[in-house]
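Order of writing sets the labels: A, B, C, D and E. Residues in every chain begin at 1.
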Amino acid sequence: MKELATLWLPLAVSALAVVALLVDLMLPVPPPGGARSKTPAPVVGWVVILGLAALFCVSFFHETNSGTAMHGAYRASYFATYLQRLFLMGGLLGALGGLDDVAKRTPHRQGEFWLMLLSSLAGMMILPGARDLLLIVVAFELMGIPLYIMAAYSKTDAEPTGAGVAPRGWASEAGLKMYLVGATSTAITLFGLALLTGMQGTTKLDLLAATPLSPLAALGLVFVLGGVGYKIGMVPFHMWVPDTYQGASTPFVAFLSVAPKAAGMSVLTSIFLFGLGAHKDVWLPPMAIIAFLSMGVGNLLALPQTDLRRLLGYSGIAQMGYVLVALAANDAMGLGMVLFFLTAYLFTNLGAFLVVHTAAEAGGGYTFASLSGLHRRSPGLALSLLMFLLSLAGIPFVIGFWAKLYVFLAAWRAGLIGLVISGIVLAVMGLFYYLRVLQAAYMTDEGDLPTPQPPPALQLAIGLCVLAVVGLGLWPRPLIEASTRAGVEMMAPLQAAQAQAAVKLTQR
Amino acid sequence: MTRPVMYALVALWTPAIAALALAALVPLRKKGWPAAAVAIFSSLVSLGSAIALFMDRLHDEVPQQLVAPWIHAGSTVVAEVGVRVDGISASMLVVVTLVATCVQVFSVGYMHDEPPAAYGRYFTLHALFLFSMNTLVIAPNILQLFAGWELVGVTSYLLIGFYFKKPSAARAAVKAFWVTKFADMGLLFGLLVLFAATGNFGWDAKLSHGVATAVTLLFFLAVVGKSAQFPLHVWLPDAMEGPTPVSALLHAATMVAAGVFLVVRTNPLFAQAPATRMVMLGLGAATALFAALLALVQTDIKKTLAYSTCSQLGYMVAALGAGSMLGGFFHLTTHAFFKALLFLAAGSAIHAVHSNEITDMGGLAKKMPITASAFIVGSLALAGVPGLSGFFSKDLVLEAVEGQLSNVPYAALMLTAFLTAFYMGKVVFVAFFGKPSNEKAAHAHESGLSMSGPLMVLMVPTVVAGYFGATFAHVQGEHYHFHFGTGPAVASSLGLAGIVLAYFVYGRGPRTEQPAAVALVDRIAKTRLVNRVYEYGFHNVTLVVASGLAFVDRYVVDGLINLLGYGAIEAGRKARPIQSGFAPDYVLAVVLGVVGLAVWAVFGSWR
Amino acid sequence: MIQSIGFGLVALCMLATAIMVVRSDNLIRATLWLGGTLLATAGLYAIVGASFLASVQVLLYVGGVMTLMIFGVMITRRHEGLDVPAESTGGVRGAIAAVLLFVVLAAAIDKTEGLDVLRVTPPTTTAELGRALLVEHVFAFEVLSLLLLGTIIGAIVLARKRDLGAAVRALHAPRPAAEIPAPPPSASGDDDASSKVAA
Amino acid sequence: MNSHLLSIIVAAPAIAALIVMFISERDGANSRLAIRLVSLVGAAISFAGSLVAIRTYDKALGGLQRVEDYPLIPSFGVHVKLALDGWGGPLLVLTGVILFAGVLASWTVKTRDREFFALLLVLTAGVFGVFVSQDLLVFFLFYEIAVLPMYVLIGIWGSSHKVPARGPFKFVWNIFDIGGKQYAAMKLTLMLLVGSAAIMAAIFVLFLKAGGTTFDMGVLANTKYDRQTQIIVFPLVWLGFGTLAGVFPFHTWSPDGHASAPTAVSMLHAGVLMKLGAFGVMRVGMVILPEGARYWVPVVGAVAAINVLYGAFCAMNQTDLKYIIAYSSVSHMGVVMLGAATLTTTGWNGAVFQMVAHGIMTGLFFALVGLVYERAHTRAILKMGGFANVMPGVAAFFTLGCLSSLGLPGTAGFVSEFMVFLAAWKSQHYFWAIPGVLGAFITAIYVLRATRSIFWGPGPSHDFHDLSDAKKTEWGAIVILGSCLVILGFWPRLILDYIDPGSVEYLGKVLAPVSALARLP
Amino acid sequence: MTLSHVLLLASALFSVGVYGLLTRRQVVAILLSVELMANAANLVFVAMSRFRGGVSGQIFAIFALALTVAEVAVGLALVILLYRAHSDTRVDLASELKQ
């Protein structure tokens, strides 16, 4: 029972999934044929939202920061709690943002969507505490497979199409591409894990570093890096990202672009920092190269984009490059700043996608033109977009500034100077396209698009994001202290152990 | 604070307050006549305190000064401002305030037709000028002198450009400022060198020979510009575009003399640099002769006087070069009086006939007796006719120059004396005698009291100043005793000869053609060689460099930055097709990425 | 020795069938070849003494996956018999990548010491496996069940085509001649949307 | 109240901006007036506060006074530590003056005035923050806040006058349909942020090499960094901040940016923001990295000398009024950097004085240019002429600005330029003074040419029918700035007395023998 | 027969799978190739477990098997969607989203 208490957050999310399913089943089934034109109310969606909100709040009153469960497969920690809250918040915001879109686009299969979301979320909730590679893989798939389904969920193009124009199967294509790359990555991950666990003789993270790495194990390790990197959208495993972002329904993409990435980062952290931090010399150079490539390719390819979703997709690739830079620092501060950055990124990117979605819904599609005159049509929305863009670009007094600053500082401190310098330069380059979006929203006023009228849930989601981005930007202290605490908690014992091992090695 | 210092401060600040009040109280200025009243009142107060100061100096020879730190760096005072009261500043102050007061009073009548706003602006600038000039005159160090020096330059610029609607006036103003500003760089560099050597801006430092020469040469460059010496004299004739009273005050009596005053003031430095003094002597004499020749061929009465000013400044510079501080300074003083008188008289005549050309005048002596007599007295003084002030001071100059540099400058100055008398004679005979050349000249009449009054006032020092040479010298702490030797005799005879010759050439009715010698000079003068050199330099060097650099800025510096942006964006565009939309390509990227990673894992140097 | 011969045979089978899977021109046949590969794998499991795995492989994998695959092929064909082309292009590209990958893998195996073990550990009992599965890894097992539940529901929601009748009615509904021909109902990805049109 | 004066100065514009954002625009003229009044009050509070701050600064005591310390992220050593030093006072007052005048000068902004004033105030809050920050990271934070709003301000309210991309690669910008002000805004922002990137890298090194516990600039300045580090990091700081100070060859954002910016923005940008760059080089680069500074000053000074002359020559070739002023800013900022490079008290006094003097002067210039442009609808000086007939006041103040810019005694420009030239001549690189003085002469040529062709000559042609002299609030702006120029010119000690202790103290750190510095881990 | 032989076999199988993955144009055929790769991974799991001891490899293999099946199910659902949109299941039909 005590073990279950340790696991209560993941279990609660799973339970919520079941509840959602049951509620959906209890809803009256619309009669076949005629009377289906009326859109059913998003009941399940609200259940999910309220449930997630409640869980998020309760998680502050009932923190389980220690204890292991399930034969050491799961270990609670502040690190895990931090990330779990992050996922809950991501799920909550994603649900708020997607509520009306789901109800509008797929009115008669809403319940299943929320089930998928919660399944995915349940997978995420397990990941940060999982201490067994087997559990990690299963939870990772639990998170991943529903995402394919959600990506293809609306089946058609997210863009409203005119009369007589064939609805394009963009959502299907988005799902399919994500799936094909994802399935490949899964196979690669499994193959790598087979080599790694086989050579190391264990699936337990804590024992993984006990044996020196053989070339085969190292090969397995980098296979895992590649396989997990797909979910984060690291270059060169990123190519599904822009296509899926463009094709899938945008509120879902808002969720997809932040929460699974954070989860992926958590997996990378678990395997590489907690598991194999002692063998840093194996994975650091590839990770550094991948970080550089992600920053470079992401920023470079975002420059000429004309579709806002693709632009944000590439920008997300670059942002993950920054996180990898901090991850590569492989120390307490680095980990803390990874968490901090992921938090900042969650609010920022989610908010940006939701604003773009809201503007596009009012007309003009997801092009720059849809933002034309936004400052006049909806000053609040434009201001929110401004805040998100500033945060993405890393400009002061919004949270993104601190995130980028500390990510780079942590990496610099760890000696990754070349990486940081290239990161800073590429970040400045990236400013170009953020400014272009800003320009579209604030400096053009052509055409006569209607005023965007986001539904209340969407407004709430955007409002929460703005509040977080600005509020935490002005007063980052609690968040920084929390993330640092999480980082120190996990990394300090490891570093001490590694230092001890090094001393032993020299004594020998 | 001692009494003399207080006089000096009053003399300094009264015009300053007047200028400030006129600048700030817009309605007062825009109304016109109150501005004149305020300015003239301030000048009178200034004049009064100047005279009081001068009187004080007659008894007290110990210089006094009051300074306050102006710029400091740490505990070191870099620069001070304040007033210095001694013979030189007291004498100069009297000259400046007296002429300024006369000119301002004269202007009340002369500028009468201007609209009230312009009228007010005119007097505001006059008050500002007086303040600036006083700043220069009573400066306790060369830095403050430089400050005043620049300020008078600016007021000169603004007053030359008073009729700013006339493009020629606008050009002349800017030209005057550029030329003097160019020369002022010499003074600035001189200050830098001086400060580097001594750590202050005083003029009584003992310098090494090299430094002294460098400093004084640099100073002299500024003098050449300000006092319109060859080859930087080009701005002065153009500056006649300004109102005539302005020409009288700034471009004849006081501002242009500031250069000479600088040398007088910093005489201790110049005394240490014989090489510089030789340059001054040569250049001064050359300018005197050169300008006199050019004055010969002018038909514009103001331009004649302008070249004459150049020429007389050449005298002063030559005297200073010859080592006679007193000679230069005394000639400055007398010249200020008679040249101001000449200009004002010319202004009166111009006011009457609405033309600057002497050929448009004629016979004015009968119509305008006061003006004519003033002009004639001034001309005689300028020509060095014995008994008038110019005679004494010019004599002092010649005496100093005599025997220097194989007597070449001496001869040149003698010749200049002759030419001076000749061209002044020409002006007098053509403009004031004979028959009126046109309707306007025929109906000219004497100007009102505000104009004729100052003429009469100025006639007094023009006549008598020479007799106060001893007093003047006494105030400077020097001695002066006039004795009628060969030099004065020759000079005054040459002067008389010039007048006589002028009578024979010009005094007997209008001429259609010039004497051959004059015509030759005229043809040379019309080439405007010096001006053209400058214009060529400006258009073909400065502007070419500027456009070259601007091109570099546009196309190279900025171009490179655009290239960077271009490179990044174009790279992004070129890379786009990699994202082909074809899923197997994406998978290929994954596989190749994994293979790359695997290569590192297997063959990498991590062990 | 016998083991080695057996291994050799099975390996040969496995590779041959695998190559047929990726090279066969007929999709149905390729699917069947995959069955061969999986069976050969099961045989190999048996040879190395993982008998439980071998049976699971045969039952679940060969049975389940094969059926699913053939079902998938058939449902996406309009009665063209068994002659379903499985196009492939870019053979050189693929071959280069595959060979590169193999070379790296082989090099890693070559460079790693201690892989020339002949000894096969005593056969694992099913009970042992069961204990590991349901005790040690029970949480993962539970998570897996959630995963399978979610997947099945998700796959059904994606694949099902609700209210086909309405869509067909929409196709045959009278419409203005000038209008661009409406897309076939099957192309309309969102059944709900098309049903709305019908209503 | 009194003990939080600096925070009030910094916060007042920010709070005013916030209030402005919430004023409803629906109320027509009333709300327009309210927006302006709130902005003006915010500006006035800061201005008054800065005057109080400077008046109560004990110049005999020197050093940091009015220290306020609010921990922001204490675990990483980030404190919002505000304090006034000798340099801060005059620069605060400068900012206050320019902001006040800027609000007055933009009284007639027509479109989207709410956002305009809010951004203007936010920008100024950043500037105030930089001048009083004693924590390097907060310094940088404020710096960024000051730089960024410029993009929007230029992009939206910039002149519709075409500022075309230039050079052989201009077509690039056309591809993206970024012409005119957007081009200028983008270039400005990107170049300045590249500079910020360099600064950020430098901050990392400074922070980590000092032990990684604090960003306090006082502590960092007492840290002995090894020579190698200093030599590597100093150029980063110099070029990073220098980009904003218009250091050649990273100045090209300045002409385009200033030319397309609206009046008040040009005033603030050229008047105050460019000073942030020079201030940063001196306050961060030279004080914290003395050895690096000593190593690099020959280059810094040489580049500054190039700046002076190069900017002046480029200005001479322009026919667009704003370009002239913008290039003249490049030239004058060269004087600031030249003064800084002399590493003498006189030079540093001159440099800081020049920041103030040039700030006021260029603020005046841009205010006037804005007036002229608003009425004439062109900035091509060759098309103008005789404007003095209809706008005598503007002409007079423009002339005053010109005179200050060419270093006329009696104006603030002379004091600073003279100090700088004096220091340059006395430094080891006396030849630096030569381009400096020449630059002043070239300045005389081009400013007077411009004055002549705009204001002098026969009356304005018929193309200009709505010319008129300055009006109510506009007078306020130009009279304040103009009189500051003259007052400071005549009595420089009004601010020199405050600058001086700052220079002495900081220079002491730069020139102190190595052994005298405390050694920190 | 040693472990390295089995591993070589698995590697070969994996590489063949990759070859198919890259060359096949029918989505179902691609899924088959992915199955080959997953199968290779399973082979490694089992072989490692049997040659080096421990049961976790085999457990892992069982889980991997289940995961693969789940993935195939979703994959086929997506294939059906593709077919509905284009009446065919060639992967290049799904290439509207690009650049």
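Convention: a contact is a pair of C-beta atoms (placed from the backbone, for glycine too) under 8 Å apart; a residue touches a chain by one contact, two chains touch by 3 or more.
Nothing here was measured: the structure is a model prediction, and the numbers come from that model.
Common neighbours of chain A and chain B (chains touching each): C, D, E. Taking the mean of all protein Cα atoms as the centre, the chain whose own Cα mean lies nearest is D.
Looking at contacts between chains, the pair that accounts for the most C-beta pairs is C-E. When you average the Cα atoms of each chain and compare centres, the chain farthest from chain D turns out to be C. Relative to chain A, the most remote chain by averaged C-alpha coordinates is B.
Chain B and chain E have centres, each the mean of its CA atoms, that are 96 Å apart. If each chain is reduced to the centroid of its CA atoms, chain C and chain D end up 67 Å from each other.
Distance from the chain C centre to the chain E centre is 6 Å, each centre being the mean of its Cα atoms. Averaging Cα coordinates per chain places chain B and chain C 100 Å apart.
Annotation for chain B: residues 565, 569, 576, 579, 581, 583-584, 587-588, 591-592, 594, 598, 601-602 touch two or more other chains. Chain contacts: chain D has residues 176, 190 touching two or more partner chains. Multi-chain contact residues of chain E (touching two or more other chains): 7, 14, 17-18, 21-25, 30-31, 42, 47, 49, 52-53, 56, 59, 63, 67-68, 70-71, 74, 77-79, 81-82, 84-86, 91, 94-99.
Two chains count as a pair here when they touch; such pairs are A-B, A-C, A-D, A-E, B-C, B-D, B-E, C-E.
Across the complex, chain C is touched by residues 584, 588, 591-592, 594-595, 598-599, 601-603 of chain B.
Looking at the complex, you find that chain A touches chain D at residues 375, 390, 395-397, 401, 405-406, 408-409, 412-413, 420-421, 424-425, 427-428, 431-432, 435-436, 438-439, 442-443, 476-477, 480-481, 484.
Of all the residues in chain B, the ones that touch chain A in their complex are 565, 568-569, 571-573, 575-576, 579, 581, 583, 585-587, 589-594, 597-598, 600-602, 604, 606. Those residues of chain E that touch chain A in the complex are listed here as 7, 10, 14, 17, 21, 27, 30-31, 34, 37-38, 40-42, 44-45, 47-49, 52-54, 56-57, 59-60, 63-64, 67-68, 70-71, 74-75, 77-79, 81-82, 84-86, 91, 94-99. Contacts from chain B toward chain D in the complex involve residues 69-74, 76, 78, 117, 143, 146-148, 150-151, 154, 157-158, 161, 164-165, 167, 170-171, 173-174, 177-178, 181-182, 185, 188-189, 191-193, 195-196, 542-543, 545-547, 549-550, 553-555, 557-563, 565-566, 569-570.
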